[in-house]
Amino acid sequence: MQKSLKSEFLGITITSPLVLPAGVMGMAFSGFNISIENGAGIVTSKSLTLESRMGHKGPVVAEFEGGLLNCMGLCNPGIVDGLAEIDQFKKHSDIPVIASVFATNTEDFLKLTKHVNKSQTDFLELNLSCPNVFDEFGIPLAASQEEVHNIVKAVKQISTLPIIAKLSPNVYDIVSIAKAAEFAGADALCMINTVGPGMLIDTKIIKPVLYNKFGGLSGPCIKPIALKLIYQTYSAVDIPIIGMGGVTYGEDAIEMLMAGATVIGVGTAVHYRGIEVFNKINNEILEFMEENEYSSVKDIPKLEKLEM
Amino acid sequence: MDKRYTLKIDKIIEETSDIKTFTFKYTLGANPGQFIMLTDFEGGEKPFSISDCTKEEFSITVKRIGEFTTRLFQKCVGDYVSIRGAYGSSFFISKNKVLLVGGGYAVPTFYFFAKVLLEAGANVTLINGARTKAEHVFADRFESLDIKVINTTDDGSFGENGTAVDIAQKIMSQDNFNFLYASGPEMMMKALQDVIGDTNYEFLFERYMKCAIGICGNCTMDPLGLRLCVEGPVLPKEKVEQLTEFGKYHRDASGKRHEL
Amino acid sequence: MQKSLKSEFLGITITSPLVLPAGVMGMAFSGFNISIENGAGIVTSKSLTLESRMGHKGPVVAEFEGGLLNCMGLCNPGIVDGLAEIDQFKKHSDIPVIASVFATNTEDFLKLTKHVNKSQTDFLELNLSCPNVFDEFGIPLAASQEEVHNIVKAVKQISTLPIIAKLSPNVYDIVSIAKAAEFAGADALCMINTVGPGMLIDTKIIKPVLYNKFGGLSGPCIKPIALKLIYQTYSAVDIPIIGMGGVTYGEDAIEMLMAGATVIGVGTAVHYRGIEVFNKINNEILEFMEENEYSSVKDIPKLEKLEM
Amino acid sequence: MDKRYTLKIDKIIEETSDIKTFTFKYTLGANPGQFIMLTDFEGGEKPFSISDCTKEEFSITVKRIGEFTTRLFQKCVGDYVSIRGAYGSSFFISKNKVLLVGGGYAVPTFYFFAKVLLEAGANVTLINGARTKAEHVFADRFESLDIKVINTTDDGSFGENGTAVDIAQKIMSQDNFNFLYASGPEMMMKALQDVIGDTNYEFLFERYMKCAIGICGNCTMDPLGLRLCVEGPVLPKEKVEQLTEFGKYHRDASGKRHEL
């Protein structure tokens, strides 16, 4: 039988369960183009703020064994220009787009939502969890059950699009935070954002490698943390999860699905395996389905839920 | 894993009042056209093309423009800077008759490239252009190579009088070249494109770079989404012809578009 | 000039700044033997509890890119047998030994301390941060400023040995917790314990790889997290830090020193580079000192402290 | 990174009522004496020596003892189990005249080893011991090899009458061997050590294993701290002679000592 990667996410048909996550290749409409040409099924914009941001000075990335540190600093052209890139993309493509937005208070999230409502975007993602702007903005909103609840609830009331809450891995009790988002009306969850943050030191110049000193961890080494948090969350909520964190090979994507994800983000792996990574992983998932006789992505079984 | 190398500056040559060549004793193993990211951890990490690369050492040639390059110009031999790379695509190595057209601080990368072309057996002609004599670089080094060099300045203060594009048009009307390579201001390449007929070519582009490892998306060229740090900075004719932003606009560090 | 690795830790001369951390090779006196023969300067026992513990069922370890998951489950022969191993070691060696102890309340920590007082141990380490016994014991003590303060203070009053508080990386505000330990009388800090925890899934059998499902992350990929937390802590406290987390090569050890550590733990790297790893890293540190003309470990400069 | 392989059981042979051989189609690339860790993710992961290993497949031979092995015995061909390894040290491959002395479920690893020894050109004699006929294994497979086999049981129900040690002592008094290898109960090896004079030897040991990658320290042998999962399970004479715990005690999963 012909295996297929076709599935659904929040009622929209998708050709691949792979998602280009926020902040990866999502600055320009052409970044979406190259990602879907290479097999992504959903694309996400860079997190957009009300005003444009230049981001941190470089170095903004640093590699270590098993992953990447980044402190981009939420550079983005601002909500207006960012949505213009999405609209330009949507002129010639049916692939669903998630607009990621970032703010530090409900009021600004509402302003951003109004902009997004007027665009061609398919889903609205609330980035509640950027760890690279600690200095500027303090502990991420996603660490507080109350903040998550209040923002999601307020945005839900005015958003014309399904909304996705992007959660932080750096919290004590992911389940209560995920439940707060669900209860407040989130249609889906996106997890995980980067881990840490962490730091590296240049031992000759005796300075932190990142100019911002600290940066969030992504890449293969955060996969175990992502799987654990997704599994716990999947066991406790009924809304779909965009699972991400270190997915690099088809096997990793299968693990995410088994942990409870409905679709799978592939970010840092674009660096490791090229922009072709989406097609590569698509093929690896198909091979896995072939070997194990699953005919669709939805047939791939999930772990038994954790008892709570 | 891409490694980072923190190296002592081994040699500094003042090319002009605003251009310096920095040499490092390190086996980089780069290909012509590729670039490195360089930082001193004091704020900023910037891309620079490789202007020479041997088994033992490599060089970059830098024009002082803003905050970062000004600080770099204050460094001395023995000071540390940190680099990663080499990154990006490199020039196709033709064995035939080729024309190199370069302008300003972007010419020196052709020094490295010309040496590689000669080794491959190519017949090399170089147009080395600058606005004025005081900004003209590497004339001496190119002279030491077995290539044909035409120096030119926009104001005629050194070599021929005219833009590199004018000269290119002139000599291409007299002679046939199998392949053309250009490295310089984007408007120079845009103008070149109009005058070179159907000669095959590769252009070296510049866009704002942050990660240089192909994930941040800051350096993509519309509408193909080619990442200049991975699929570029050297792009072949068939790609260049599809670029709608070529010669029109570029994006700054925030991703905002600006007209060129 | 002859470079030397000799230095001091809490007033005791050590031949190498490298520490065998708790839980790694520290079950039997012979585990200490082989570690010091291979260059370790200080050794730490497995975390000892009042009663012996068999630990979790296997698999108790799982590898991923950049690190290791473990859920040993605090297996140990109990405080009496554990201290007997230390005493047997101390019969023929001057190398300082840290006894690591684990409990979930002040009373049990005090009982453990009384046992340690009677042994040949040099330092007492309070493991406030084991993440592998969540199910059994809940969120680690090291996440609560108050708990850390109370336990350290109580133990300090009766301990005849200098005491070290081992902290968890999985907290919001490491600085306030480190300061609480310092204020309560801790003589040194040990950080970091394992990160996460995380999980891996076997996609054929469709089960978590670890029988305990979740396990703490160690190894190269946690180094950036360790460096960041050590640097923040070093900037805020005046007591020495045993820095650990992913140290595998001499360069990593130098980074730890620059981030603020006084001595450096080497755990998971024993797997990657063999038990010889201590001598290898010792030599790499010496080479670095040679190249950069530092004559002693103490001369290796630290980063400028963070402004608080 | 050590990988984990989740494999289907390809073949099961019932050797005795309590001993089964499980075969897997997988290129393990192990050396004789090494072991794998095996789990079904239902609780427990246990070490088993490799009893055969070709380019295409490998086998382990397991005795049913407790919870884990009982569950393993319920598995069928086609069921998945998950393994990692091969781990640990392996036997020295002598090209001379060697004697293998094995007892019980620890004998089958000598099947793999004997094949490798024969390839190397060694002259091989094997004492294949068991308590009683019903526990004696692999007699048929050893017969198919070009080695000298002496089967023996403690109660004389199969082959010679006597312990493997008795027989070893007897034939070593009649013949000279360059190297002796033993695999079996620790007390058997302890007894052997006393009767083999100054013949060079290697013994295969068992200790409680958890990580099998040399970090948890559960499997160290006193006082050297040799980790049986890394420096062992095969230890050479010069190490064995220094072991104070040999034949005396071992440690359980908590690290507590127990007399043997």
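Order of writing sets the labels: A, B, C and D. Residues in every chain begin at 1.
FYI, a contact is a pair of C-beta atoms (placed from the backbone, for glycine too) under 8 Å apart; a residue touches a chain by one contact, two chains touch by 3 or more.
Just so we're clear, the structure is a prediction, and the values are computed from it rather than from any experiment.
Participant: Taking each chain's centre as the mean of its CA atoms, which one is most distant from chain A?
Facilitator: D
Participant: Nearest whole angstrom, what separates the Cα centre of chain A from the Cα centre of chain B?
Facilitator: Roughly 36 Å, centre to centre.
Participant: What's the distance between the Cα centroids of chain A and chain D, rounded to whole Å?
Facilitator: Computed from C-alpha means, the inter-chain centre distance equals 50 Å.
Participant: How big is the gap, in whole Å, between where the Cα atoms of chain B centre and where those of chain D centre?
Facilitator: Computed from C-alpha means, the inter-chain centre distance equals 65 Å.
Participant: By residue number and range, which residues of chain D touch two or more other chains?
Facilitator: Where chain D is concerned, no single residue meets two or more other chains.
Participant: Can you pull out the residues of chain C that are in contact with at least two other chains?
Facilitator: 64-65, 203-204, 207-208, in rising order.
Participant: Pick one for the touching-chains graph, please: line, ring, star, complete, other.
Facilitator: Shape of the chain contacts: a line, open at both ends.
Participant: Taking all chains into account, which pairs touch?
Facilitator: A-B, A-C, C-D
Participant: For a test of understanding, state which residues of chain D touch chain C in their complex under the given definition.
Facilitator: Checking each residue of chain D against chain C gives 1-4, 6, 37, 39-46, 80, 82, 210-218, 220-227, 230, 251-257.
Participant: Taking the touch rule as given, give the residues of chain C at its contact with chain D in the complex, in rising order.
Facilitator: 23-35, 37, 46, 52-55, 57-65, 68, 70, 72, 75-78, 81-82, 85, 202-205, 207-209, 211, 267-268, 270-271, 274-275
Participant: Per the contact definition, I'd like the list of chain A residues that touch chain C in the complex.
Facilitator: For this pair, the touching residues of chain A are 64-67, 69, 139, 143, 170, 172, 195-201, 203-204, 206-208, 213-215, 217, 219-228, 231, 248, 251, 254-255, 258-259, 288, 292, 301, 303, 306.
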